[in-house]
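Below is one structure, written out as structure tokens, with a few remarks after it.
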């Protein structure tokens, strides 16, 4: 198997992984994150790791990356986990890890420095570092200037100006420059748009073909990685009786055998679209909110001396209508100002040009411009669900979180119970919102906004990074809301999701090239 | 959390301690920057009426020292965080010029010395009351930072209050100390407990801060 | 804020000097000016500093944009000194606790100029110094522990992100009904809540960044440097320039008899 992928003369020795009865308990926790793991991975194998959340997938990757273990003496390890017969912590640089959030996969502010960082830490001599940097950037398609070809990036290109997909490819380059025998990817594409997903997947494929390194990847969206891996391992939350590995084998066989188990665990199995509630009405269609020739930007006007200079809009000339019981989907590539438009429509950003007007049905005496509404006037008219649920948590307890809006408004507390049940949050009422799982946080953030009973619901990438179960629940719930007369505006790349909601699509494409990150290299 | 458990995680700085402490200091810088856009409304009348009163809001600048220590709980955390915060302020453009670094180091030192004496110092005379990162320790550390801030501003050549009369200097130092205790000390302590409840401190000795006793 | 951290496009002479030399020159000027509150030494230094701002890559509009908040702050400092400092000479204003005399007014004016003369070189310094180069110099030349220097540098990269996140959290909280308008007390509470939200995200991000760094082998005692921090002839000129400004300020003030030591 190793020979099939092995590349030409590249100094990488693929690594073997061996786990025997391995388990790990994080400090401060009573139950182990993973236990009883028996797993052998041969050099050069490419493994996709699946399983429900809580099966310990990330813990395993962190352990293999050698970053587990200095969290204090009350953490607990059992069994053994070895790379080429040696503990991962003893051999830094033997493996390289990429995580989900692109912002934290970049360490330094210059492109070349960031790739060099790992090699520097392994005390590679200076001359060799730069040759590795050039080679690695070339391999991931972020060619440094001087290499020939269009779309080159200079070695001192600011890493903050890269797109999400470029940041992840940069991280891959940083890993490659260490010449690791084992590449570990922990949901590397969960935060990316569809173009970014393919960009990163293809770069990983090319690099593996070249180096022949062993791969372990954790990812919910199986279809992205299925053709790149030659083995799928399904983990289950371990217990004293059951082993950690539920199924193990070639991709097609495992996907066939474990289909129902994987679907139950919320894994996006290829060819499976979760069942959702169909829309039953088309909505009454009364106009609530209209945007005319709107120009949007996140920046506020700058003050230069006594003058106020308006910011450069990221998008302009947008016209759209929001109607009762109808869905409006905002689509388009990253950098086109989709979220900025949604936030402006939701009364959270001031328009840079053009105007937004609320009809009497929506404003109910609050005035025509949502941006000028007071916070409590806003939430009972337009509710906005942000991409990151944590940004919207304002209390330390799930129940208080839900009661927050109704208490401010002085009515609507009776709706909270219904929302709790409908979004399966009842058992969590006393928990701290920040401690919930990703899916629970998403459901809570939708529930808290709806508790104020808004006529318009605006959602920014509501399905990003969600497993299939949460996805289906959310889509069904929103279709129900639409039928009941709420207008739903969603910014999304997810075509299946917008298909469930129906309605109209507004497509935005990057304007001016100012808001869009510089695109370069082979994508 | 007992002192025994704190000792277990050791006094050496892990990578995560360094990065989190630095980012706390920097986030503090971002908060001050946002704050200073509105703080003029408060400090301008203070300045106009009785300038030493500006000491009352000085505590805001010392939050990183106390907060950093309460979270990472390693020797030097207060000094490190406040120095990083001052560096950040220097980069963003400070009215104090390069002397902001000296003030930062001294403020951090003020808090650090309190923690050194009360919590992690290996002294025979430390009382049972202060073996923990409790409210009293936080208040005293904040006061320590405030005291050093007041002394720096009043007596060192670059201090902005060097030309004040003795009585006004004393008033300013008192205001700073109180402000340090309340704003930097109490607020940081409350914030640490809040953060512990969210679970983000799971890899730190402060992960159980929310269930630690308030006084002993 | 992001602009301040990005030196791309600035190819001015002083960007090529070693950050440590620039720091030394700035500290020299700062410490010497701090020794006296008088308008002559401050003005001398201020004029000389203003003469070199193009070397740091600043244009006049940029300089004004960065300097005016500092001028305002220095003026406030001068005012407070004038009303609180011990009176000497003829009293010009005496209302309750406020009193301004000829002596204290002169002190206030000197204080204001000194404040500006101390703040300006720091602005020049940071305009022509990239944090990455500074970190290289601190770790390689000043021999500060590299784990702390690079850990801080990596965290600093996130400052622009934090500033954006601050704005996003503000909007996200407004969408929950938390107003940033209202009484000062309400605004303070809103501000504290927003700060807490930012801290949570900061710690989450920092923890993930630390894992990234460790997974790239960071944290060991041995490491090499892809780019060497070096000294050049330019650094000697920078030091001499700093020395020249400091000495000229002292000579002018002593010569004109205005030098007034702070610890009299």
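We call the chains A, B and C, going by the order they appear; numbering starts again at 1 in every chain.
Criterion: contacts are C-beta pairs under 8 Å (C-beta built on N, C-alpha and C of every residue); 3 or more make two chains touch, one makes a residue touch a chain.
It should be emphasised that the depicted structure is a prediction, and the values quoted were computed from it without experimental measurement.
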Exercise. Could you tell me which pair, B-C or A-B, is linked by more C-beta pairs in contact?
Key: B-C
Self-check item: Most central chain, judged by mean C-alpha position against the global CA mean
Solution: A
Quiz item: Which chain has its C-alpha centre farthest away from the C-alpha centre of chain B?
Solution: A
Quiz prompt | Centre-to-centre distance between chain B and chain A (centres being mean Cα positions), rounded to whole Å | solution = 35
Quiz item: What is the distance, in whole Å, between the centres of chain B and chain C, each centre taken as the mean of its C-alpha atoms?
Solution: 20
Exercise. Provide the list of chain C residues touching at least two other chains, using ranges where the numbers run on.
Key: 5, 131, 154, 158, 200, 205, 209, 211, 213-214, 218-219
Practice problem: Would you give the residues of chain A that are in contact with at least 2 other chains, written as numbers and ranges? | Solution: 434
Quiz item: At which residue positions does chain B touch at least two other chains?
Solution: 14, 194, 198, 200, 203
Exercise. Note which residues of chain A are touching chain C in the complex, please.
Key: 62, 65-67, 92-93, 95-97, 99, 101, 103-110, 112-113, 116-126, 129-130, 133, 156, 158-160, 171, 174-175, 178, 184, 298, 304-305, 343, 346, 348-349, 374-376, 378-379, 383-386, 388, 390-394, 404-405, 408-409, 434, 448-449, 452
Practice problem: Write out the stretch or stretches of chain B touching chain A in their complex. | Solution: 5, 8-9, 14, 194, 197-200, 202-203, 205, 207-208
Practice problem: Please give the residue numbers of chain A that touch chain B in the complex, ascending. | Solution: 26-28, 70-74, 396, 432, 434-435
Quiz prompt | In the complex, chain B residues that touch chain C | solution = 13-16, 18-20, 22-27, 29-31, 33-35, 38, 41, 44, 47-48, 50-52, 54, 71, 80, 84, 87-88, 90-100, 156-158, 160-165, 168, 187, 191, 194-195, 198, 200-201, 203
Quiz prompt | Interfacial residue positions of chain C with respect to chain B in the complex | solution = 1, 4-5, 23, 26-27, 30-31, 34-35, 37, 66, 69-70, 73-74, 76-77, 79-81, 83-86, 97, 104, 107, 111, 115, 118-123, 125-126, 131, 147-148, 151-152, 154-156, 158-159, 162-163, 166, 184, 187, 191-192, 195-196, 198-200, 202-207, 209-211, 213-214, 218-219, 262-263
